[in-house]
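Below you'll find the structures, each written out as structure tokens.
In the two complexes below, subunit A is the common chain; its partner is subunit B in one and subunit C in the other.
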Partner chain A sequence: MSGPSRLTPHLLLAPALLVNFAVFLAPMLNLAVLSFREARPGGSIGTRFTLSTWQTLIEDPYYLDLVTGSIGLAVPVTIATLLAAYPLALFIHRASQRWRSLLVVACVSPLLVSAVVRTYGWMVILGDSGLVAAAIRTFGMKPPRMVFNTAGVAIALVEILMPTMILCLLAGFGRLSAALEEAAASLGAPPFRVFLRVVLPLSLPGVLLGCLLAFVLTVSSFITPKLLGGGRVILLATEIYDQAIVTLNWPVAAALSVLSLAVFGAALMLYGRLLRRVEA
Partner chain B sequence: MAGTRLVLQGLVKRYADGPAAVDGITLDVAPGELLGLLGPSGCGKTTTLRMIGGLIPATAGQITVGGRDVTALPTHKRDMGIVFQSYALFPHMDVAANVAFGLEMRGVKRAESAARVQAALDLVRLGHLAKRRPRELSGGQQQRVALARALVIEPTILLLDEPLSNLDAKLRDEMRAEITDIQRRLGITTVFVTHDQAEALAMCDRIAVMEHGRIAQLGTPHDIYENPACEFVADFVGRSNRIPAQAGPAGIALGAYTIQTPSPTPPGPVTVMIRPHRIELAPPAGPDWNSAAGTVTRVTYVGDLLAVDLDVAGAIFHAERPTQPGMQPPPIGHQTAVSWRISDTMAFPRVP
Partner chain C sequence: MVRLFHRALIGVLFLFLLAPVLLVMPMSFSADAFLIWPPSGFSTRWYVALARDTGLLKAAGNSLILAILVCAAALLIALPAALVLARGRFPGQAAIVALLSAPLLLPTIVLALALLIVFVGYGLIGSWPGLMLAHLLVGLPYAVRVLMTAVSTLPPDVEEAASSLGAAPWSVFRRVTLPLMMPGVAAATAIVFLVSFDEVVISLFVVGPQLTTLPVALFHYVETRTDPLVAAVSALLVVLTLAIVLILERALGLARALGK
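Coming up: the complex of A and B.
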């Protein structure tokens, strides 16, 4: 008997590759092909191939707005999620072993509740007679509108994305150590400069990972903008749903899916490039 | 660089639960002195060092540097250079940036900083590796970068926390010499924490041997080794035979033999301690010698030493002789005379 051959690692990868091909790559290719098919009234799909769907997507400013709008929401939501999650993650990272696991569970537990339920929760909290509005009224001010607009969607998305962000940050804090911070302090760095020159740079891998996931999840978010947006906040994912289910224009839905995949691809490339730089 | 005097006055560190980790340390470290804090793990030596460096607050007591009370100052205002056991080099900066960090925090101009960094790296003979990342360096090189980084800021006090414990034996000997050389040349007051007694003896001007958060003995390496103040120090520093015996009015009785000590020992149960290499396998050479006879039970040849275990009146004596060409080890079961100087006989009352 010979030892494991050079083929063995590839064979071990085969099941994962197969599953990925069957449930991800093949359907995506199918969608790509579908985007070149002719859309007929009534929702049926013609057999002829045409460039008209893509032409519409490129020519109609509505779709450009859709992409820039989705990115325009995802970037501030990602940044806000990072700012909210970073201090928490750092606190958890520094807690004693016993507390750390407890705090992680506490932070991640919202993931056990479906995004639908959490979104409805936010509708109650942010609604016109909700908690926040009532609190603002107590001070004699007129509360701003916080549901069925972009602000409400952003607030809910930040909360929904925080557990993911915290987990990513914790995973990326591996290079932080108390000794490094002590060394910086002993060399004359006050706490704020220790943070800027040592803690922050060393945590960037986690920051990048968290931002990538938060960005992708925002662009592809569907339930929250659908419910909290009240039909006024239209993002890539909600538009794909509307085109596929409401308008029954599958070629447009397919083309938009390919388009969002391209946005994710671009984000992933940017992530890879930045990661190489911060880990160098 | 003129050294600065460091004084610790009744330094105490107490955590919420349990006994004091450091229980009243008073020390006066002379300018330019290399003082060792030596002891087993948990004796409070690192806690003491961390209090001096301001990494943890002191529960009570006072730390003064050059007459100035620094007890309440945070670490970044203490102006001390600390070399950590793990070296704690910043992994995201190259060697030069690591060394320059302290100068950057002090707002030193770029050109001056570059020159000082180069001088510090040359001091530790690493001038050619300035552009490397810490992870590309060997343990010994990382150690030297850590030393250069701590020295470049011209600290008032240099604190070394077990700096050699992560190095292999050969490199450790090299670094020992290098650290003492640099320390002497710069004349910087240094506190050195170690659990390795040989390291402490070889490097330090004075050693504070610590046990249970207190200083068991403070003295020169020679004092500590030749005149240990208690059984703990005699046992921890160097190797010793520990022989239980009974002190009486005429001396210490071990079976039929009477053992004399340099100063009279109060009657009661005692532990007699003798260094193995001070025991001769020969009759006494003069009146100021103790003598007995024993049966050889084991002989071990280790090249430069011949280790001989003897049964003397039921107690095991471990003797070590330097080897000579043509030396005949005594056969097992052989009866032989043993002798050692009275001045090499240590006796400590046994606590029941």
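Coming up: the complex of A and C.
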């Protein structure tokens, strides 16, 4: 091979790698280092290295509550998303070819609408003078508060995560064939047993991937808790924003970011373990 | 009976999934000053108000220009990279693909903070180059992935036939490879456009008082006021998204374009 053509691949890759380094690799490394810098009043960063930020994070129960609170929201939201998405995904999987592509588009298009718009849509539904409150009032009952609290945020998050979950489940159903189900049924298995013994086990890899994504996206969700929570629902991501933009304490914001990456890593490891067990 | 219950369940779940997107449509024609369901009357007052809201219109213009610039830059950068990564076999290839996709796996709030800290040092906050770089961070991985899929599904013999007939490499690319890749290029353009146009978390960190985007302006609007004006904007955005989705679906099927 001649000189220039051996060089070409590198030249073709260079712009993409350069951008990746400038906006991803370098800033992320900088962020990790920053969590060990000292914070000075007024948002400036000291040059000395210190463990004081991490010490505050570990000693102050507020931050521990933040982590457990974020995980405590993410687990039920993930389970509810799975329960809401599974019947829909199975229905789409079993639909005829023509209907299937239409249903997939209907399910996936909300993914392409901005989170601000979808959260606003939930304000219309859950607000004090919203759709649900109006429906409850027609029955002569007093509607409960559904915005500016965790319940409202959780409901909206389930809906916002459903398209992602459905996509993962559909990919998982790829291994499922109608013939296999028919075989089980023709051998005398009642429908529920076919589901429990054939459909569910085969779809588990898709279930696991969907749950991983839903969990991770809830832990890092920001727009929905911020707007629908009205400042009363404080999670890891909203705290990072407040520390970075309002309080201007960048070392704490950086340390919280590293902390949420650690939660991610733990979720990813658990996913890997469960996947190996499911596929064994 | 079980069948009926199943049908009802599917219907309710579909409604739940589509409710917020569908409900902004009637709400945008509300005649009320606040978010009240059902609206006491219908009017186009909030569309009129939107047409007079210079702040939101300016932000929408910025978002549109930004999305077009980001699309162009992402395609120019991702296309050569995708050609190399989908074709050649070389050491470190898998690592490079992973590195280029990595920004999609990490929480956007963390990426946003990392960018903010670096951008402040270089005076990039609230600037066009800064916003373009920030949107490339999330747009480029999509462009690379979609274009890699497009390259790997090309028929391999056509290019060889062209070059064996004496066409120069650049000529092969321009006359054979690129035209065959057009569906993939269209998909990448549409996805990067939507990703950039809808991006809000990273934008929130890097916009400035002089330069803001539509999602950020909407975010701050909803933070302080809840009236049907945002419903009018939302309805227009949903229609725009739907149009792009339909074009994409016509061109090559949405599910394939998203690489699932």
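Heads up, the rule we're going with is that the second predicted complex is superposed on the first by the 254 of 280 C-alpha atoms of A that agree within 3 Å, B and C clash if a C-alpha of one lies under 4 Å from a C-alpha of the other, contacts with A are read in each partner's own complex, and residues count from 1 in each chain.
Please note the rule applied: a contact is a pair of C-beta atoms (placed from the backbone, for glycine too) under 8 Å apart; a residue touches a chain by one contact, two chains touch by 3 or more.
Bear in mind that the values here come from a model prediction, so they are computed numbers and not experimental data.
Ranked by how many residues of subunit A each touches, subunit B and subunit C are led by C. In the superposition on chain A, A:Glu182 contacts subunit B only, with no contact to subunit C. When both complexes are overlaid on chain A, the residue A:Ala84 reaches subunit C alone and has no touch with subunit B. Once the two complexes are laid over each other on the shared chain, residue contacts for A:Ser109 go to subunit C alone; subunit B is not touched.
With both structures placed on the common chain, the touch criterion links A:Ser257 to subunit C but leaves subunit B unconnected. For subunit A in complex with subunit C, the residues that touch the partner chain are 9, 11-13, 15-17, 19-20, 22-28, 30-31, 34, 84, 87-88, 91, 101, 104-110, 112-125, 127, 129-131, 133-134, 156, 159, 162-163, 167, 170-171, 216, 219-220, 222-223, 226-227, 237, 240-241, 244-245, 250, 253-254, 257, 260-261, 264. Those residues of subunit B lying in contact with subunit A across their complex are 53-55, 74-82, 84, 86, 88-92, 101-102, 105-106, 149-150, 153. On the subunit A side of its complex with subunit B, the touching residues are 175, 177, 179-180, 182-191, 193-194, 197-198, 201-202, 278.
Residues of subunit C that touch subunit A in their complex: 6, 9-10, 13-14, 16-21, 23-24, 27, 34-38, 76-78, 80-81, 83-85, 88, 90, 96, 99-100, 102-103, 106-111, 113-118, 133-134, 136-137, 140, 144, 194, 198, 200-201, 204-205, 215, 218-219, 222-223, 226, 230-231, 233-234, 237-238, 241-242, 244-245, 249, 253-255, 258, 260.
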